[in-house]
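Look for chain A in each of the two complexes below; its partner is chain B in the first and chain C in the second.
Showing the complex of A and B:
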């Protein structure tokens, strides 16, 4: 849609070096996060929202479809997780699968209505459906608890048959979420770099061209939206566990806008890792600037405007440009010194 | 049938208000092919500025403030209807100057820029006025209610609907019947030719944006006594505005007006029978229409679809 992406040299790998380094760094977080005045819960939030933003970027960045009501699927996942736990069966795996399945189903339903649309009409249909789900969540007091939220959600133990881990502690839960995040990022990386992901990226560049090549564009659009909704719902289930409750506010237009912001600020349009950078920046800024002033959204809003105006490819884009420039500069320096050597020898 | 009449009337007045709210948004979408998500915040800003101007403590030097307060409320209100939009339009001007950088790029950038602007304006409002609710004072002539056929009708609603109809008519005249409107439309259609004819397109776009901003502020002032003034009113306005435009179809003036009336009727009737779900009804209306009509009711092809 906006910027061409080059295929990474790591496209064929299951686990890339970046991924490994990121996982390792993240694994050390609980060791030092309290020393710098933050707390492990922030780490949990960042991981869950990163997974959500990565899922969202499947639609926005990979497929180039402007979805502005994605909070709905995150919220539906959270409710599905809670309701499955409270009403059906209190098993972590079943509840997480239920969260992804219900959100994915909602995604399929919406995608059926919107996948033959493009641009502004697509964007607004996603907003409309987002608002519909949000209103339903607020008004159905008996099922969702309305604005008070669905309370008393527990962090179920992670049962692996032989061993079972208790996740009530924030550090233990952090490691569980990190493990899920690791699997999730590897899976999404595979997906984006699979033949399927290539076709979706081709659709972003030109729907007409993709359909003339014989691909069923409509079906691909439905599938990518549903997949993204399912992973968002899965992240929502984790979020319900983190918060010990499910609230309707993540489904509101504001919060759906935030995930768009995070993804773009980070550079989701040019980089797979952009959404993660954006989430990290957004949530850390919320806590750090938010501790100093109530109007932290004001400053983040100004930063967002500056990024849209001057670095529309986001932070990831800025970083890669800086790296390129740096290596270009180094190259130039090397060539000038080589020239000097040549001239020197010539004299 | 007679029971239904008040609800229908209520829906129609509401519909005119929705059309008024959407008007500035429509102007900018239709003539500049830019989505101004800050529309709602500018709408709220208009209401806040008007409240401050007509309230007991206008932001003026001592002497001037005294003279201003000595005027009857009616005059102050009428003056505010002009002054407040002018003040708000300065903010709009600033947004347009920033937005220039995004012209010719993907329309997503303009949308995101104005989303950021909306956030900033809303936070500014919270900083200056806090989160409490305010009331906009209106002259007693248009306040209160009257009896008609055993029912009490709010005078203000009819006044507001009248103003809305008047403003809609004026905007239509401006776009369709003046050379300004013709130039602007031509600029949206083929900017290169318009530039080649020696017309300063950047100034023209700035004017359109300022005009759209003023319409947002006027809508804010008119709607404020009905909705109340609070920071969230911007979001409450921009979603229906967006909805009305998409339902009516991008680029269609009467499409937007008819869509506004439809949405008003829909919300009004739903409010009468299932008030809990009245807001849901407009989204369902939109989904029902756009599922079958790709470009809303009378939309034209635009770059926003790409």
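Showing the complex of A and C:
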């Protein structure tokens, strides 16, 4: 995180007050969401994409590495979940682990090739690899179903030995995903505040310095990318369950762009929760504005441009700036670091 | 025994020879000054010592162990710490966290994802110690980028100290400091002397001549003069080239 937690005891906590409040609010969603004209499935999507965006932000926000092909790992997770269930064993836990493992493996593979790069070169290589995976997904018709998708994926029951929960109903599945989301957010929060997370954040600020302090920068970059890919894949597995299918479109370049947009709009560069804010806005805008006009992406695109121009730290940044009454100078400095992340210091 | 030794180090960038053949041997506890005009290759020589640049020829020995061509993190782990001519602190981190990153015990835990970094009292105590050593005891919670220039320089040294290095390489530590800052730094180095082996690139003659045990002058990629400050002041070459003026 660029926003420092030095004076806050939250950094040392496993579960923070913010988390508790968020979980509790989310737990009430099925009680009222239909009353405001929306539906529980939107809640499911928001939670899954939030987990995905938080995982993505390990790479973008914490490590400062511009990965623009992250949809690949989300998609690979979805396919791995489906194929595990259809071809190997129809067990929820095994298939979710398979989703994370296969996506993580793909992440390791890619990371081995790109982790000596930074900046725009890094970005290009993530795109190239993303396109390769996307093409493979479309072309391997016999395995993935090609453009038709991998169909007939089931929402396997959540089996805890003594009790087993049926997840076919959207509200039941929502609560399952919420439980996973709660564990996931606590784990990711701990991760970014662990010694490992601090090293990765240090590497974002200066690879040269980190290496001269004795940190194997390359290895940390490989590891954070792989971890991020694994959690993205895990979220992808949940997404396959939600959709009852896996499709190649989440792996496409433009859908990989969505998660970047969500994360930046929300303020992932300055706040742990930024990606969640971004996902919430993006998906609600899609449904609410999308119900009125087909051109909802136009409006979200305009919001994106406005934020990049005027609030490069995203909504979380604007909120924290309002709260802490940061000086303009500090804000501007942070926004230049956001810009540098994307366009500068490549080698 | 020599704590750090370089033998016939040769570095080329493309067809540009930056270091022709540089030898250096620094005894344990010695403070060795390095001077020379801009572009002489001093920083490049440090980059060789610390693994940033692999020499085309020549060797680097740390306490007798060949460390030539090892990557920076390996060399750092073996005990060579450095400060930078152009400061590269972790700007978003507090001063204390900058120091914490230098602690060998923190580095050993660098792959730990299950514990909170902030909760560990040992790290905090060690960090505070290093901060106090450079006079930043009460500035630990300030973000590095909000510190004054002089404090940032001091923080760089605190980070290097936190590494508990065997050899400390300082690249122009006084650059940009006012006379106050230089004096404080001189006092700090005087306290560290003997406890640490120090190699310092420095343009400030007064600073160097008052502190260094020996000084090497690098020019055109070679050591053109070497000796105690006293000897160097007598050195015909140094006097003729009037190095003090254009350094």
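Throughout what follows, the second predicted complex is superposed on the first by the 316 of 347 C-alpha atoms of A that agree within 3 Å, B and C clash if a C-alpha of one lies under 4 Å from a C-alpha of the other, contacts with A are read in each partner's own complex, and residues count from 1 in each chain.
Note that a residue touches a chain if its C-beta (ideal position, glycine included) is under 8 Å from a C-beta of that chain, and two chains touch if they have at least 3 such contacts.
Please read all numbers here as calculations on a predicted model, not as lab measurements.
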Margin query: For A:190 in the superposed arrangement: first (chain B), second (chain C), both or neither?
Written below: second
Next item on the list: Once the structures are superposed on A, label A:215 by its partner contacts, choosing first (chain B), second (chain C), both or neither.
Entry: second
Margin query: A:205 in the overlay: touching chain B, chain C, both, or neither? Say first, second, both or neither.
Written below: second
Notebook entry, point to check: Touching A:319 in the superposition: chain B (first), chain C (second), both, neither?
Noted result: neither
Notebook entry, point to check: When the two structures are overlaid on chain A, which partner does A:118 contact: first (chain B), second (chain C), both, or neither?
Noted result: first
Check: Considering each complex separately, which residues of chain A are in contact with chain B in the first and with chain C in the second?
Finding: 2
Item checked: Complex interface listing, chain A residues touching chain C -> 2, 4-7, 9, 11-14, 190-191, 193-199, 201-202, 205-206, 208-217, 220, 223, 333
Check: Given the complex with chain B, which residues does chain A contribute to the contact?
Finding: 1-2, 66, 113, 116-121, 123-125, 127-129, 131-132, 135-136, 139, 253-254, 257, 260-261, 264, 295, 297-298, 300-302, 304-305, 308-309, 312
Check: Any idea which chain B residues touch chain A in the complex?
Finding: 35, 98, 101-102, 105-109, 111-113, 115-117, 119-120, 122-124, 126-127, 235, 239, 242-243, 246, 250, 276-277, 279-280, 283-284, 286-287, 290-291, 294-296, 302, 304-306
Item checked: Contact footprint of chain A on chain C as seen in their complex -> 50, 52, 71-73, 76-77, 81-82, 84, 88-94, 96-97, 100-102, 104, 106-107, 109-119, 141, 143, 145, 159, 163
